[in-house]
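Mind looking over this structure? Questions follow.
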Amino acid sequence: MTHTPLQGFPTLADLERVAAERVPDRVWAYIQTGAGEERSLEANRAAFRRWSLRPRVLSDVTSVDLRSRILGREVDAPLFVAPMAYQREVHPEGEEGVARAAEDARVLSIFSTLSSASLEEIARAAPSGPRWFQLYLQPEFARSRELVERAERSGYSALVLTVDVPVLGVRDRQEAGGFAIDASVPTGNGPGVVPPARAPSFRGPTYELPANAAANWGILDDLRSISRLPVILKGILSLEDARRAARHSMEGIVVSNHGGRQLDGAAASLDALPAIAEEVGSTLEVYVDGGVRRASDVLIALALGAKAVGLGRPILWALAVGGGEGVREYLSSLSRDLATAMALTGRRQIAEIDRTLVQRIP
Amino acid sequence: MTHTPLQGFPTLADLERVAAERVPDRVWAYIQTGAGEERSLEANRAAFRRWSLRPRVLSDVTSVDLRSRILGREVDAPLFVAPMAYQREVHPEGEEGVARAAEDARVLSIFSTLSSASLEEIARAAPSGPRWFQLYLQPEFARSRELVERAERSGYSALVLTVDVPVLGVRDRQEAGGFAIDASVPTGNGPGVVPPARAPSFRGPTYELPANAAANWGILDDLRSISRLPVILKGILSLEDARRAARHSMEGIVVSNHGGRQLDGAAASLDALPAIAEEVGSTLEVYVDGGVRRASDVLIALALGAKAVGLGRPILWALAVGGGEGVREYLSSLSRDLATAMALTGRRQIAEIDRTLVQRIP
Amino acid sequence: MTHTPLQGFPTLADLERVAAERVPDRVWAYIQTGAGEERSLEANRAAFRRWSLRPRVLSDVTSVDLRSRILGREVDAPLFVAPMAYQREVHPEGEEGVARAAEDARVLSIFSTLSSASLEEIARAAPSGPRWFQLYLQPEFARSRELVERAERSGYSALVLTVDVPVLGVRDRQEAGGFAIDASVPTGNGPGVVPPARAPSFRGPTYELPANAAANWGILDDLRSISRLPVILKGILSLEDARRAARHSMEGIVVSNHGGRQLDGAAASLDALPAIAEEVGSTLEVYVDGGVRRASDVLIALALGAKAVGLGRPILWALAVGGGEGVREYLSSLSRDLATAMALTGRRQIAEIDRTLVQRIP
Amino acid sequence: MTHTPLQGFPTLADLERVAAERVPDRVWAYIQTGAGEERSLEANRAAFRRWSLRPRVLSDVTSVDLRSRILGREVDAPLFVAPMAYQREVHPEGEEGVARAAEDARVLSIFSTLSSASLEEIARAAPSGPRWFQLYLQPEFARSRELVERAERSGYSALVLTVDVPVLGVRDRQEAGGFAIDASVPTGNGPGVVPPARAPSFRGPTYELPANAAANWGILDDLRSISRLPVILKGILSLEDARRAARHSMEGIVVSNHGGRQLDGAAASLDALPAIAEEVGSTLEVYVDGGVRRASDVLIALALGAKAVGLGRPILWALAVGGGEGVREYLSSLSRDLATAMALTGRRQIAEIDRTLVQRIP
């Protein structure tokens, strides 16, 4: 067997530790931290530990098939790379490395409005995808429109509208580490792209928040009017909003607390998933991200109703340590472990993963 | 942006750490410790971690308004500075610095009978308020009456009668740190002001406790007879006492375990809040303090029925580090974060904060 | 105020720490350890932390009276010193120091069959008591009878029959510390007194346990036949046994897991208390020990139905540090803190302590 | 008393610590680690801590009898040595030492397909047993048949078919420690014996797992056709599989998560036990292993319905420290402690252990 980038870092904890040494401190502060006291960051992990898996035996599992369909397109695993900004800060290969790795693995990847590489560069790096484009609404809708049109032209097959950042969360630890989300960090989609902003300091009895805080459900009609791409809302945690997304005929939603980076104290993604998936899962596709690290996590999330499961920080750790090749290796390893976990629960196909696979720990 | 006192201490943990270095050890022992084993001190914090917030999206939150009314008076945020004694021990600016900061922020502040500055000095420092006066009953009612009359003359707009200190709590750690609540600590309201006292050592089959332990509900009639100011009872944790406060036509109550400093093992303030607010919240105003640190805490407390939320130790940390200006900066930062948290839960006004904003963590 | 033995050790943790330095390691291993993995030892403490106290206000608590009656005799607090063996190993004053301290405090004390001082010496040291005698059944009933008769002659006013040591628990840590409960440790009640023994090493398909493992409920008739003293069973944790004790007309029971020293994994004493007290508390007196450290613990136990609350290890810590005078000071301090806690919950008399004083922490 | 191998290591923690020093690091990594993040490894221990024991008193327990019947054969304790591979890696005496120790203690032992000693050598070392043979299905059934026939010829009295390893679990920490389960580790049952294998790296949209992943319930008919030995399925955690085992007339099942080494996140063995034992316990014998360390654990498992309780890692620790004699001493000590625990819960015979012996910790 040839040497591979992640060899020598056999556990995920190793990978995280080595990544911490590889990237500059300020970037590490960006990657790892959460909002406020990081309650939601920790809650994401804790939520998985409240469930146990129910192995099933003697099920003839010689052949385990991870293939799934996401919005009708076949992928090789019910996983996706969550949208994360500024990936060249983590490794020179940045989004292009990630895109190539995901393409090779036939796994869906989502790229951020705030990508270091331009969306066109990413598309050229991994033309066959599948790729989705994550949109941060711009102060002027015309600029959002430009981004959407560019994404459509470059072959992104869906729009992921982030709805949980009307204003940027309070990220003390990130700021303490010296990383600010503002024009100081180069992005690839053009100098005019405006990142989400913090609330301004107080100036009277009311706060006037940045322009994209103005978005309401009407924005979805505007988006439909400029693009025929499917639209996914990312950042739903309440049943009410999930129902409303269904009523607005969204193609999907990502149940997410934004990796614990937006509202400290927000519910863990996984805690919000079951009720939402049960209620709207037959109307639209329900995805989840937040706290997913291992194959067992993926299995729990699928059993609780997710159609696909997003990966965030581990992708960046792998990118930091091994570039795109590192990401490929992580995805390959995770898929292999997922196949193992399916075999151990007697599931040969993704469609066989159901609610009986998990139970609450007493 | 100009240099501000708290700059360089970006997280609350930083602030606490630096404050610990700035104040003498014996004062730190006074500020930080709780009664007995500090179960209630810790319980106050733990109680918040049992709730999660439910973000709401696409709600058009460009303008977020924190204004509230407390006893009919408009303030710029549903917060208050809890009454805390001896503030000049923490920083030379003491209560006057705090009063100015709260006035600037148009936030209610409450000052203790045991303030370092006299209540008149505080009033002069921040004449427009809003300010309330916290009363420790004096051994002779005539002395309580003098204090009340002075407060009324100096423009304090309500009386906060502390009812959870018939006798001083058992504060091992404070005493171990060398801080005694007695005549050795200078106070501003006159040499005749008597602080609450510990139970005497045992001298027979019964304990004769200090005079103000004699107070019963009749004291409220006495107070009404000498002042037309609204009366708030501070230190209620049981539904029975809350109901009784309502029957005695109190204007408000503060659900509080006295920062975990009185009865070790007393319920966390937040745990006591929901039932009390539901039962008497339409009859009188229900406030809460204890364990509030961040905007998410404030939001949880408001959602569980508090009309305003009190801040204790963080105010002293900010005072220790930056004087009155530090307090101003802390209040400003907290308000900004509260506006952010409201935006992230789709609330544009305080009145929109309701019980659906929170849920128990499973 | 004159110098007192415990001065300078203001918190219970200080007292414990200093005691650890004062007594030989092997004795410390005897005092502190529990059976097996010490699950029950820790469970005793954890059980208290599942309850919170409900303060009550404005109740006129100038005079707080701790007096109670235990088996009809008035004592100055609803406390008792639990029976603990070998007290001269801890301090030269041993049981005599403890007895004098309890007598001065008018608190019930119970002395062990395995006391370092003879029961007569203890009686001479504290003639007015109240004192009870704890009985370990002897291999021959005649020897048990001798002990009972001696206790009766020396003015012990009740017999406490320990029923949870048919065989000695598995005390790995005590043994690892070099302390064995056997003839190597001198006792005062005569060379013929036999301490409980470990199960023998395996010698075939069945274990023949020491003679006193033979005791069944019939032993109570035997005891009644030789003494008119009230009989209390110590070491009850099940409702079935509590009921049976009531049917056998016992005067009282001590709900106890033997300080976590007998059956590792046995329920915490406090967890077993409420159901037992509710069921048999009107028929006989129900006491509890295990994990009681502070006044709040005492209050919780009383609220859950205990008629009196036993103190174990803290008595030995105080004895180690200050001899009998240390115990007196600890009892005085605990009583004072109990009076404080009663005042803070609006109780003026022990009889006013009821179930509404506590609630489960959510 | 003569010197014994484990003397000087009085607690189990000592034994574990010393064992860690005695065996090579790579072997220690094999013994101690679990799959993935070791959630199931830890869950096994945590599950026991959710139950407490209910002592019973005055039950005349002079004679405590641990004898039980397992599949009709009398043994001296309801324990068994779980099958564990490669025991000569731990100590030169390996399986033969363990077999002799178990035989002396008249305790059932189970030996692995992957034993270091051949099954014939083990049988010669401990001819009277009782011994069972654990079978890993071989790629070709003919090889499985050979193993079964050899076991039958050598006097193994039952077959234990491991059903929770269709593919080897993901054992990061074991691999990080340098231990691979493959042909590099010598085994005694012949060069042709194939250990379970990891899932292959990804090679397209489906994973083709090793041959023994093909096993389904039909394999049981195959086994019956080649042997008249009773068959026990090891590795059942779901009620559905337990029922199915009963319908296939299995003689027993081992409720087990494979020591937390197979599916990370799998339910704790003990958590799965009660429902399974209640449902099928009258049809077949239900055993359990996983996390059992002390007599209290054994008692809890028996009370929750296990007919016998398996020991894993502690056996290897004892083997590492004292060879076969160490195992004998551990078994003897555990039996003695079990007799003690039975006495303290008022049980004289194994048959008296019932569900009333335990309760959930509140």
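Letters A, B, C and D mark the chains as written, and numbering starts fresh at 1 in each.
As a working rule, a residue touches a chain if its C-beta (ideal position, glycine included) is under 8 Å from a C-beta of that chain, and two chains touch if they have at least 3 such contacts.
This is a predicted model, so every value here is computed, not measured.
Ranked by distance of CA centroids from chain C, the top chain is A.
When the CA atoms of chain B are superposed on chain C, the rotation angle comes to 90 degrees (nearest 5).
Mean C-alpha positions place chain A and chain B at a centre distance of 41 Å.
Centre-to-centre spacing of chain B and chain D amounts to 59 Å, using the average Cα coordinate of each chain. Multi-chain contact residues of chain A (touching two or more other chains): none found. Contacts between chains close into a ring here, every chain touching precisely two others.
Inter-chain contacts, as defined above, occur between A-B, A-D, B-C, C-D. Chain B meets chain C in the complex at residues 36-37, 39-40, 43, 50, 163-164, 166-170, 172-173, 175-176, 198-202, 205-211, 213-217, 219-220, 233, 235-238, 240-241, 244, 257, 262-268, 271. On the chain B side of its complex with chain A, the touching residues are 10-12, 14, 48-49, 51-67, 76, 105-106, 293-296, 299-300, 332, 335-337, 339-341, 343-345, 359, 361-362.
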